[in-house]
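Labels for the chains are A, B and C, by order of writing; each one numbers its residues from 1.
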Amino acid sequence: MNRAVFLYVGVLLTVLLSFTGLVSIPEKQLGGLQPLVDADGTQYPVPPTGMVAEGRGVYIADGCIYCHSQQVRPEGFGDDIERGWGTRRTVARDHIYDSPPLLGTMRTGPDLANIAVRQPSENWHLLHLYNPRITSPGSNMPAFPFLFRKVPVEVQVPHDALSFPPGWEVPGYSVVPSRRAKALVAYLKSLDHSHPVPEVPQ
Amino acid sequence: MNDRDRPHGRELERREAEGPVVVDLHEPIYREMAEPRDGYEPAPSWLVFLCLFIMGFGGWYLGMYSGAFSPKVYNENPAVGVRAAPPAAPKEVDPKVLGRRVFNNCMSCHQQNGQGVPDNYPPLAGSEWANGRADVAAAIVLHGLEGPIEVAGKHFNQVMPSWKHLTDEQLAAVLTYVRSSWGNSGTPVKPALVAAVRKSTGDISRSLRADDLTRLKAGRPLGG
Amino acid sequence: MNAATSSDAAPAAAWRAEVDASCAYPVVAFFVSAVFWLLFGTVLALLASIKMHTPGFLSGAEWLTFGRVRPVHLNTMIYGWGSMAGVGTLLWLQARLSRVRLPLQLPLVVGCALWDLGVAGGSIAILTGHGTSVEWLEFPYGWSFLFAGIFVVVMAASLMMFSARRVGHVYVSQWYLFGAVLWFPFLYVMANALIHGALARGVVQAATNWWFAHNVLGLWFTPIGLATVYYLLPKVLGRPIHSYYLSLLGFWTLALFYNWAGTHHLVGGPLPAWLITVGIVGSVMMFIPVTTVAVNHHMTMKGHFALLKVSPTLRFIVLGAMSYTVVSFQGSLQSLRTVNEVTHFTHYTIAHAHLGVYGFFTMVMFGAIYYIAPRLTGREWSSPRLIKIHFWGTALGMAVYWIGLTWGGILQGLAMDNPDVAFLDVVRHTMPYLWSRTFAGVLMAVGHVAFAILVWRMFTLKGRRLPEPASAPVVAMAGGAQ
């Protein structure tokens, strides 16, 4: 193989082939997917806005994706559905407004595709973010104390201060979630992929 | 220098122990071998067969599981119509095992040991609601609960989601599991009972509150 | 033993010395930068590993949270250590194989400096919360323009040497280098535009992401690594590569199949069945190039394994080549749906990734630097003991790492696929394996420090001076060299 032209053409052709197959054709097939609109006019999915979009930014900035996936595998493949991580597998349509989609590749922690369905309690999320060991003994998730402010109790006890179980209090202080903590929880409380889709027969 | 002259075995160890053997070896740094050349041995025939086999497998796999390259086909199996889809009926699971399994959903608040999180999420162990009337307990898991409530002498004020997307069997199993674990002594719950409560409270589309539970206990209808 | 005949020995030594001298500044710059990033990435790796089993460790500061430290580790290792060591090696190999002086020396040195600034800036961006959470592309969009610009210089230098080559026969290493310098810039630019530039939508971004990320290994590190092995193996042994036909088959099947493998990272994910199936088929087809290359290397090496004892270069590249075979077979198998069902989302995948980037590529780069650096500086490596510590630290570290997390990952996957095991119990089961990783990390770190000391002494010219090339008899000691 001493002709450079073979190399040029071959090398470029192979990579263009895979680009076509794994990127161009999928974009042609899936790039035009539209949201579903129910009889009562509700749309699924909806683009993230306001606090949800802000919280998505916190999720990205603090790298939640490195331990949490957001995808439900199909029935009979793994036990995602039996474990309660979703009622159906997730499909391309679930992610049309996600740029980038935060599918994840690790489950050091549980899947979050439907965390809003199984955990609607803002209080739980805040306690868990402040220190995961409060709600989940044995968890190896990092704590996010920097998403909270400490306010000396003698000033006043703010209405949104965390209520710690005995033994977890910070003596002399109230712990108050920052806007970023609240945004992150708003985002988590928006993660609901239980809406039926035509791609997955019921 | 051929193999005989190169130090090895005990001789090498001795020289290593003494020190800079690698330095010795690097000394002739510029006395390197000629630039690499190609040999022209033929490819072994087993390798050729292996290649053909792998290519055959690849082609078969592609044909079998590519779902006709449709963007709408997500399940690789029935798509080709060769293999039947897995049976649609849910797998039969021992209700005890099933109950424990469904309880995975409850652990983050009520904890694996049913003790809840003090001052935040109520315990199920020793709870009058968990051990009390089965239809009230069923209504709680079906519709969820929010607002102030007293459990085992303590006050709680939190949110519990609705679990109505789970089946009657799953809910009956988890209720039975809760009512028979951690020293609890509630009666087992049958799927039929969950179905009946699901039907009788079907027009509720919000979380229950403490006063709803009082009404249910008294057998009165719930407001919408 | 066959070596250069004595008649062409002196001229050969002379042109080699000339080529090596032309490479000195850019290649040293790339190597020194690479080793710096190796150390930096190692610190982050240890931090991240410790945080996995002791989440309270340094958890008070947001910039040190796991979700930021981990991507900085990955990006400094990929774009700092791996790519910079790879570019240094690539430039030297291409110059040697084309028998021409390295062109664009100044732009390359400047490019190297900018590259360092880029990796430093990108790392700071991630640590301060500007990472993108797109795996392998965490540096913000703006960074891609800088790196793409530098890649163009590298590509130009490589292609200029190739077209000015003074050898009629194009050796197999050059095919791979040729592929690498054309493939990677294309991948990098397209992936950035489609994902960060949002030209693709939704899950197509995910497909693009893994098309790119898998190809960083497949079409960038692997070709550079294989080119290095193809060059250094016959070079150190003084034997021809076993079979040109196998080289040919191995190269073209790799080019054809490797770049399809990416979507196996999304098995079970929200993509149509065919897209996943194509990725699996691409992965399984990798059996062909991998077996071919393994046979080719093994047959070349056959009968000369005793040399492993005396040549550090050979030790590292043979270990690397063996890891390549293992990691690729493993990759083909774990792409299959049945296996992937268990291993996906677990530490098994992490062990696999490290066997590829570390066990294979990094080991080969170590071997390459051991061979190339003395030729650039005219100095010896200063301490055989440190070379030993480096080899055994990294080799044992990799072994512990791989065994611990592979086994731990399988147990984790089986437990996670069993709904009767509570999730927090899955976490508890993995703890001993996470500790084993930190232990492995310490071993590797010791090796890296030894290596860094060696490299530092090498480039500050602390080693013993080498004999002058022209006066050296080419044949006499050739068998033992390196």
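The rule we apply is simple: a residue touches a chain if its C-beta (ideal position, glycine included) is under 8 Å from a C-beta of that chain, and two chains touch if they have at least 3 such contacts.
All of these numbers come straight from a predicted model, not from anything done at the bench.
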(request) Enter the minimum step count from chain A to chain C; a value of 1 means the two chains touch. (result) 1
(message) Please tell me whether A-B or B-C has the greater number of C-beta pairs in contact.
(response) B-C
(request) Starting from the mean Cα coordinates of chain B and chain C, work out the distance between those two points in Å. (result) 34
(message) From the mean C-alpha coordinate of chain A to that of chain B, what's the distance rounded to whole Å?
(response) 16
(request) Name the residues of chain A that each touch 2 or more other chains. (result) 26, 29-30, 74, 82-83, 89, 91-92, 136-137
(request) For chain B, jot down the residues that touch at least 2 other chains. (result) 71-72, 74-75, 101, 104
(request) Could you list the positions in chain C whose residues touch two or more of the other chains? (result) 169, 270-272, 278, 337, 419, 423-424
(message) For a test of understanding, state which residues of chain C touch chain A in their complex under the given definition.
(response) 51-53, 55-56, 59-62, 65-68, 70-71, 129-135, 162-163, 168-170, 175, 178-179, 182-183, 186-187, 190, 194-195, 198, 200-209, 211, 215, 219, 248, 252, 255-256, 259-260, 262-263, 265-266, 268-272, 275, 278-279, 282, 337, 341, 344-346, 349-350, 416-419, 423-424, 427-428, 431, 434
(request) Please name which positions on chain B make contact with chain C in the complex. (result) 1-3, 6-8, 12, 16, 19-23, 25-44, 47, 50-51, 54-55, 57-58, 61-62, 65-76, 79, 97, 100-101, 104, 107, 112
(message) Under the definition above, what is the set of chain C residues touching chain B in their complex?
(response) 1, 3-4, 12-13, 16-17, 96-97, 169, 171-173, 230-231, 233-247, 249, 253, 270-274, 276-278, 280-281, 284-285, 287-288, 291-292, 295, 299-300, 306-307, 309-312, 337, 374-375, 380-381, 384, 387, 419-420, 422-424, 464, 466-469, 472-482
(request) Give every residue of chain A touching chain B within the complex, in rising order. (result) 26, 29-30, 74-76, 82-84, 87, 89, 91-92, 117-124, 127-128, 134-137, 163-166, 194, 199-200
(request) Quick one: which bits of chain B touch chain A in the complex? Just the residue numbers, please. (result) 71-72, 74-75, 86, 101-102, 104-105, 108-109, 111, 117-121, 144, 158-161, 165
